[in-house]
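The block underneath contains the structure these notes are about, expressed in structure tokens.
Chain IDs A, B, C and D follow the sequence of writing; residue 1 opens each chain.
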Amino acid sequence: MAGNRCLVYLAPNRVELQDWDYPKLETPAGRRLDHGAILKVLASGICGGDLNLVRGRKRPALPAPYRLGHEVTGEVLEVGRDVEVIKAGDIVSVPFVIACGRCNKCKEGYTHHCELLGPGHAAPDYGYSVLGGQAEYIAVPYADFNLLRYPHRDEALERLLDFALLADLFPTGYHGAMSAGVVTGSRALVVGAGPVGLACATACYLLGAAVVFVADFNRARLEQAASFGCVPIDLGASRDIRSAVHATTRTTSDVDAAIDCVGFAASGHGSPEDVDAGDSLINTLIEVVRPAGRLALLGEYVTEDLGAPTAPARRGRLPVDVGLSWTRSHVVVTGRCPVMRYNGRLMRLLQHERVPFARRVNATAIPLEEGPSAYRQMEAGAAVKFVLDPHGVIARGSRATGAVEAGAARS
Amino acid sequence: MAGNRCLVYLAPNRVELQDWDYPKLETPAGRRLDHGAILKVLASGICGGDLNLVRGRKRPALPAPYRLGHEVTGEVLEVGRDVEVIKAGDIVSVPFVIACGRCNKCKEGYTHHCELLGPGHAAPDYGYSVLGGQAEYIAVPYADFNLLRYPHRDEALERLLDFALLADLFPTGYHGAMSAGVVTGSRALVVGAGPVGLACATACYLLGAAVVFVADFNRARLEQAASFGCVPIDLGASRDIRSAVHATTRTTSDVDAAIDCVGFAASGHGSPEDVDAGDSLINTLIEVVRPAGRLALLGEYVTEDLGAPTAPARRGRLPVDVGLSWTRSHVVVTGRCPVMRYNGRLMRLLQHERVPFARRVNATAIPLEEGPSAYRQMEAGAAVKFVLDPHGVIARGSRATGAVEAGAARS
Amino acid sequence: MAGNRCLVYLAPNRVELQDWDYPKLETPAGRRLDHGAILKVLASGICGGDLNLVRGRKRPALPAPYRLGHEVTGEVLEVGRDVEVIKAGDIVSVPFVIACGRCNKCKEGYTHHCELLGPGHAAPDYGYSVLGGQAEYIAVPYADFNLLRYPHRDEALERLLDFALLADLFPTGYHGAMSAGVVTGSRALVVGAGPVGLACATACYLLGAAVVFVADFNRARLEQAASFGCVPIDLGASRDIRSAVHATTRTTSDVDAAIDCVGFAASGHGSPEDVDAGDSLINTLIEVVRPAGRLALLGEYVTEDLGAPTAPARRGRLPVDVGLSWTRSHVVVTGRCPVMRYNGRLMRLLQHERVPFARRVNATAIPLEEGPSAYRQMEAGAAVKFVLDPHGVIARGSRATGAVEAGAARS
Amino acid sequence: MAGNRCLVYLAPNRVELQDWDYPKLETPAGRRLDHGAILKVLASGICGGDLNLVRGRKRPALPAPYRLGHEVTGEVLEVGRDVEVIKAGDIVSVPFVIACGRCNKCKEGYTHHCELLGPGHAAPDYGYSVLGGQAEYIAVPYADFNLLRYPHRDEALERLLDFALLADLFPTGYHGAMSAGVVTGSRALVVGAGPVGLACATACYLLGAAVVFVADFNRARLEQAASFGCVPIDLGASRDIRSAVHATTRTTSDVDAAIDCVGFAASGHGSPEDVDAGDSLINTLIEVVRPAGRLALLGEYVTEDLGAPTAPARRGRLPVDVGLSWTRSHVVVTGRCPVMRYNGRLMRLLQHERVPFARRVNATAIPLEEGPSAYRQMEAGAAVKFVLDPHGVIARGSRATGAVEAGAARS
């Protein structure tokens, strides 16, 4: 039992690869994790949320050193005494929102508000329940409840780069589309063409959208969106989303659904200084959504934001066009994704190769060593979804669905 | 064909009874209303929305003279050539949101966003589609689509004071409860114990709420709420709604659902000067609703509010705790009630005498002459729902369900 | 640790009280039930389903001796090593459909189709997952997932007779009403006025029904239904349910929703020989439900019925008016109740004393010794819901909500 | 105004082209259709339902001569005095279920159970509300309510062959998929690979199905299904649908959803003698749908079927495995499609070219003269959806979406 190489946050914008101990079936407090499992991490995405942590803008401040990573796909190496369903050898996806399956919230389907995995566990201060997933190994609690097992091991390994995206990214995008009420024939607007925005746009089409507009400042990301049929709106050219929508539909109709995939720290092009974009973004959505339409605030909003320009905004209080929204009878849905509600459905799409998840977001597998560099590239607005490949399993042969296109998997 | 006595707005806080012309089956523009009907008004509620108009705080300003009233129940006297279903003699309820039944919005069930009855028709500037309902007679367009016919005429006349409340009040209250997701076992909070709040609290119980908290400053109204099992929260004693909730449930659980029945011009006790209450009210709801719970903004919010304290608030832009709401995964539902979605269901409850609508809100029938005085009493916070009885039909013998209690019907 | 007195099935229509061993935290196969709990049974209902078992009409035949009872409410005496949430001393309700909380079906909310608690466990052949609940003590698996804890112990003990009805009866009735789509204003028909029918009628009103018709042959049970506002239809006087409905509503409208609370062995009056009633019952519902209305088959239908009159019926194949149902666009919902979907909501109603559950079904507490007699009284059509009180806790002072009425609790 | 060439039923299996009068804005009873419109028929599908009529198996018997056709797309030539929204020149789709928009059923969204367009109107005996649509011209009542206007005239004409399929076929298929609860990740089974089955399979994928199995005896139709990713199940090779499903998924899981697109007169290959297929089909679905799954009976079932083998079946009473279905907690949804619920959404997909409707069902435009021959080809099981092109507009240049493939539009 050697060590465990992990990506670790040390200080704002400083991420390093370090050697830590191999995980045990134990809670941070030292109690046995009889319901847990130890995984060999086969794939681990880097999330925009990680970037938010690393920038150090949100509060409370991260304790350093802090092991990063919450998007884990792995092979089960060992299970606790009380695990019945999951077995060693299973290839599993870990919902980034882990939960106990025993509290009232979990039983009602609100795993993102689990009453047990709160303060004291797994970095709850930052709201990411999986801790230290950008590593070679990890321990996960409540394995039977949390882990999504791919039914056929060989197929799972073949499709690992796609499967890796079901731990957070595509369920999150799908949650946005569902929250915004996208159904057959909807005209949807996605703001933000980073990985979450692209996943959300994919989900909009999956739910039957007639047309999906994707707005961003980043041209490379907009091109990625256009590659699968989205209508790009270049905010660098004009911020008038509404006119762009009307021009495409040749009507004066506003969109049925809009999803904010950016959140409190709007930064489509790597600039964290665009301080009030979060605010104006909500009001832009209110302006462009039709009467009786829906808005989803999928990108994270926070209660402590050091980077905000005003005192109220620093504690998450933003000026919102309530009057206009009310006259339009809007529904606004907020919050994080309850991953378990969706990941099984999405896995079935992968089993039947219905959606080329990895290709949609330009997923790229990289070794653990390249993690720090990937963080910097993300900060610079790279139109790529980085997936760490700690054991080289993806590199050695996993095939992403539709990987015939260049760039879908890094050799 | 004599005239038509109407309550008319002349200037802020000036309402008079005037004689106008008997209505014709004609649009304001002079086109024949072949699809319309002329009603003898048997009951006509005075709404908090009327009070908002009369106060003159909202903008654009009312054109004066302006005939008030949008909560109409009546007897059909005459129908246009193209009316097929509705017949003279029918006793009908007019949804205060009238609609065409032909546009896309109507076909999708969004009658509150009808595409035909827009600017140029029926006072759309103020969003009330029925115009001049506090009168002896009124013409209503699209009679077949809009009018809700009570199946048995005699029974309708007997239950007129209850039936009168289905034109706006109880459908609106019900919409709030539905929007807030109230279901069996919910713990709900209603803010505002005026008629809309009481109707909403009634609807919460009707939808199966385990407990309904009602908060207001007005003690008489709180007593009315308590009379049918609500838990009153006296904001005059303490504004800490959350503690009051926890004390009652003997838990630290927040409510599942909260409905703001006040809106932009919070005034639970007759004081229109409590200028930022609307703002703080939304944030209070955010604080007291549990994770994954829902908020309904049922009380009106507007885009031009002369009385607001800041420039952004004057155009309907309010500071909202987006960060906190997001961390709780709230759903927020706004807007006016699509009456036709609910009024038929509620009428069936009346047919089988399941809910004593009039008694719940202390409905009181008054002659048209007492209208101006009723406006003043409402301004002063009377714990009464005034229903005009232009032809004395209610006074002469209509029986409100459960009218055995004092005060349910005025003799 | 002494023994454990249990009601035991020995042969068709032979039930006895026997002494068995005190339960252990062990599966039938001898594996430790680390996730289980041992309960002192404080209340245990006798269900119509038990009666079906005891009659011996269904197949496969019960293995004798067979410990009866699946409606358990109890006090937790001991929990397994892996139980985290439930504690000794908790007063809990056991969903009669126990489930693992770990399989895909459970995660999707279909606890009534749990993939682990299948053949080999807990009498799955008969579809009742809790085994041996009519006893002094019982072991229950997956305690954290299954058990519904009443938040306040003292209150739970005070309301024990009501709380006892949430293990099966009221969730089941509620499931029927939900499945039939009952909403505000619905006109509903419940066939069968036994405890399930009465619970279902209660649930219909709870969901907002305008009127609930209850049909049966048993007059005492019909009186019980009428006692809380249902419209009784005496099938002994006339089987023409449709005319009875029309007479009450003074229309020709059919009902919106109908729930069959009888099932395969229709026997409203104690006669198990009414062999084809199950069949004709479905077709009666089809005839009386309006276009676009819904039917729920809540009473059990089986795949092996020794008592059926034809070979197809003996394996559960019944003649159904598919043509007529299709022309009416009916929706038909079948199957057992996923108790955990509803029991928490209903418990909240009890906490706030919204529904006098025990009184609605004339619940009567009896000592374990009177169990065999109670089975015989049920066979004879007693208008009572029997609840065993193995330790005399109910008798010694638990108060049913609304127990002021005679008969609600046995002294 | 000359005449109006129409396809007319004369006797079982005898269809002719005849000259009738140009339509008037008049009801059959001679009352003015002020709310109606006269259309130039630009496209008119031949439906399996027409074939059922022409075969003469259903009862009551068709009155002869009877003008066929209910799938109409046209250009508005003239509107009645009371039509406000629809204008001459509009290109519109007529929902085959026409409705008044004024009765309670219509207001609740149940246009397929409209209370006005009943007996005495428009061939209600056969349940098709549009009468005589396989013609050059047609009058349609309640034009504003019924007609779906394509927003851009030129685009409508270009996409006419696709647009033609929104009058009945694709809304009907979509209704089946919705009724069966198909969502993201569903495994669905469609029985019947005729045009309705293919439309339904398309809809299943549109709703996010992971895999759609399509079963039929007709190999050409199965090839059509396979052409867009369905898994064909050749019933001629084996009737064991369940094994075929398990082999594809490499599991023992049954399907989540199944849609019967055949109905009472199962005949995948032109043989009306397969008399009890309707029966066995329902039971086959029951066998192959997983616990808590859903079945939709989309194909028509009738109350008078001359061709049925038993007396009960002749009046629509079929033997159904109620016991098995109950143990699986199935939901069964029956009935005709309320077209207006879906056609607008599907039109938006066409506007944005998301789904090549015509290509999916191999739609082929033919002149009116070829109608009688088309009926015979359909009887023989042709894998084609015939669309009459009475004025040659499609032939002269309309482009079906994706018409690059051979056969999508007839030149």
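Going forward, a residue touches a chain if its C-beta (ideal position, glycine included) is under 8 Å from a C-beta of that chain, and two chains touch if they have at least 3 such contacts.
Quick caveat, the model's predicted, so the values are computed rather than measured.
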Please work out which of A-D and A-B is bridged by more C-beta pairs in contact, and write that pair.
A-B
Among B-C, A-B or B-D, which chain pair copies the contacts of C-D, with over half of them the same by residue number?
A-B
If you average the Cα atoms of chain A and of chain B to get two centres, how far apart are those centres in Å?
42
Could you give the separation in Å between the centres of chain A and chain D, each centre being the mean of its C-alpha atoms?
41
Of all residues in chain A, which are in touch with two or more distinct other chains?
108, 344
Complex interface listing, chain B residues touching chain A:
105, 108, 110, 112-113, 127, 264, 282-283, 291-292, 297, 300-305, 312, 315-336
Listed in rising order, the residues of chain C that touch chain A in the complex are 34-35, 81-82, 84-85, 100-104, 107-109, 116, 144-145, 340, 344
Note which residues of chain A are touching chain D in the complex, please.
151-152, 174, 183-187, 205-208, 210-211, 249-251, 342, 344-349, 351-352, 354
